[in-house]
Amino acid sequence: MVYITRRETFAAAHRLFKDGLSNEENLKLFGKCSNPNWHGHNYILEVVVAGEVNPATGFVLDLKELKEIIHKHVISKVDHKNLNIDTDFMIGLNPTSENIVIAIWKQLEDKIPAGKLYSIKLYETENNYFEYRGE
Amino acid sequence: MVYITRRETFAAAHRLFKDGLSNEENLKLFGKCSNPNWHGHNYILEVVVAGEVNPATGFVLDLKELKEIIHKHVISKVDHKNLNIDTDFMIGLNPTSENIVIAIWKQLEDKIPAGKLYSIKLYETENNYFEYRGE
Amino acid sequence: MVYITRRETFAAAHRLFKDGLSNEENLKLFGKCSNPNWHGHNYILEVVVAGEVNPATGFVLDLKELKEIIHKHVISKVDHKNLNIDTDFMIGLNPTSENIVIAIWKQLEDKIPAGKLYSIKLYETENNYFEYRGE
Amino acid sequence: MVYITRRETFAAAHRLFKDGLSNEENLKLFGKCSNPNWHGHNYILEVVVAGEVNPATGFVLDLKELKEIIHKHVISKVDHKNLNIDTDFMIGLNPTSENIVIAIWKQLEDKIPAGKLYSIKLYETENNYFEYRGE
Amino acid sequence: MVYITRRETFAAAHRLFKDGLSNEENLKLFGKCSNPNWHGHNYILEVVVAGEVNPATGFVLDLKELKEIIHKHVISKVDHKNLNIDTDFMIGLNPTSENIVIAIWKQLEDKIPAGKLYSIKLYETENNYFEYRGE
Amino acid sequence: MVYITRRETFAAAHRLFKDGLSNEENLKLFGKCSNPNWHGHNYILEVVVAGEVNPATGFVLDLKELKEIIHKHVISKVDHKNLNIDTDFMIGLNPTSENIVIAIWKQLEDKIPAGKLYSIKLYETENNYFEYRGE
């Protein structure tokens, strides 16, 4: 069993916002992260797949193929986008990094052609990271 | 003459947008960077001050003081903000990184209590950097 | 279950020193790391908390709150300090990074308001890292 | 139980190449990674050892000792080498990072004087990482 | 005048080799860097262009355009290549990083559509960097 | 003219302290940086040499040779040392990073066998850098 990781980046806008609360209540709950005019991040995404090494190729999975899957199902929907408005798989969700990693897991879980999705890790800033392993 | 650098970060939303052009014209000119729903970045800002070393302290300038000046005049106006809407010193400017480094220079130029402002460097992404030296 | 990480840094002096041994014996055992005049590091600390996502906030735990807890119980006691002399929770311990990660775990274990402390990771240098998971 | 990590780097040439296939077939399977004239990487290697803290030293294992073991059994055989030709423990293996991490594990598994080898992690580029834990 | 930087990476094999000397003489002069079976690096390239900000766009030069120029004239000729054999603009040159930065400068100098080429910076390893400014 | 850089690191203890002032006055002037029990840093040092490329080697200067010079004249005197007490070339100086870069310049200025010393850059923390160019 080898764990292979592909790192990607995307630049997105968002605001933390809980449906059903007013702007004032959201600002009280989330502080500057709920700025009604948005803010944004250079997110760093790490996708980890665990699997047996294929003796025909020496790969668990060709990372070029994994890169294309991540771009098709995630990056194209989040890069230079607004996560609250533009991203279909985030609609109705408060875009905390916790909710983003779970949503990205669901996007990718059944798209991995070899091995199994093991972990989604997201760096929101250089000091704040989040990981989901499907548990 | 010693060059001292203080590094700060801020998370902001923006879109590239030239006044007087329509959304369509802006999208044609700036591509995904002009997404009407915004996108954002974790910007990294480096402020460089050049000066003689003060023999009384061994400092060009106390970096704690420089940090406070940068926070008061720049970070408080850009962190968790929308650079097109929220930032007074960017109003009327297309928020390209070129325009941001020049605007930050103007914010700080006459606020440095010792030495002289030498350079403003801004990392928009890990692959794109911009520097202005007041030339 | 999402794993959230807060990264902090601190600058501290220390020397490796085993009580009951002479300076010479300590220098023989620990080499330059036992310099009687001390040396120091920019330590990087990563605190990982694992927990369920609170549906009211989309957080496992507000990272601002976690940051304050880490500052109150750890950073205020180690930053710009001497780990052998100044840090109450290290008194009587040889300040190897192994002993530091265990001691920081004990400082934080019962202070986490939601979720459970999962891991303490410490980078002593860019080449040497240490992790403790309470096992 | 503390997990200690030593990070090392090495610069090596390689090409992906499956024995029994022609150059053309290898190029079809592996693309530019099978360039017959080779290419290369600055690999980053992380070796993780898990063990109890020795109360006599406060160490799981002296990282200077671990560094020497890694240099003797791995770095001396891969740094400024061609992984397909020069490295005895890679002979007959297609030098994918998956195969390299497993081979390095086998090199080090029975050389660790205290604690147990827990993980071998290899960064082939800043975007592609690989980990093996002996499972 | 704003200085804009585009960062790119490439993975290449090379060996230091002076024409007219034997393998033995080259090994004596260049040590392990002259391994006849090659070694390689993940090079990091930074291209800096200096120019006035175009008031119509807020750009010195669209970094997407600069990226395409660098890929066409440099990256396509060095990535996953052997710098001694495969790279037309390095033929006949000993591929030290000093010679590479000068050769890349010559490749790009007259291809910059706005502003002027200011600097070529190359990281061979995380500890060794090289810069050429056309002086 | 090519600029070549060698990056080195060292771990040292220090305190900011101006001779002739009391502990209290130093603490008032320098805050936590004057802790009488010391603190420390992982300093990162970059030494830049500028020179013509030697056509016999393709080098400005062999970086292995530059590394040895830096180790002999700087690293051996500062790594795992106390900069206030142990380092001969810092005796009598308040070890601010400004004073350290100037002192390292003086240590190395006349030891460079080819090209000329161009810059000494020192990172005290990931947010504070200092550069001296002999001006």
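The first chain written gets the first letter, and so on, giving A, B, C, D, E and F; residue counts start at 1 in each chain.
Here is the rule we use: a residue touches a chain if its C-beta (ideal position, glycine included) is under 8 Å from a C-beta of that chain, and two chains touch if they have at least 3 such contacts.
On a predicted model such as this, the values are computed, not experimentally measured, just so you know.
The chains in contact with chain B as well as with chain C are A, F.
Rotation angle for the C-alpha superposition of chain A on chain D: 120 degrees, rounded in steps of 5. Looking at which of B-E and C-F shares more C-beta pairs in contact, the answer is the pair C-F. By residue number, the contact pairs of D-E overlap by more than half with those of exactly one pair in A-D, C-F or E-F, and this pair is C-F. Chain C and chain D have Cα centroids separated by 29 Å.
A straight line joining the Cα centres of chain B and chain D is 42 Å long. Those residues of chain D in touch with two or more other chains are numbered 126.
Annotation, chain-chain contacts: A-B, A-C, A-D, B-E, B-F, C-D, C-F, D-E, E-F (touch as defined at the top). By the touch rule above, chain F contacts chain E in their complex via residues 1-8, 53, 56-60, 63-64.
Per the touch definition, chain D reaches chain A in the complex via residues 16, 18, 29-31, 93-99, 101-102, 126-133, 135. Of all residues in chain F, only 9, 11-14, 32-33, 35, 37-42, 79-82, 85-86, 125-126 touch chain C in the complex they form.
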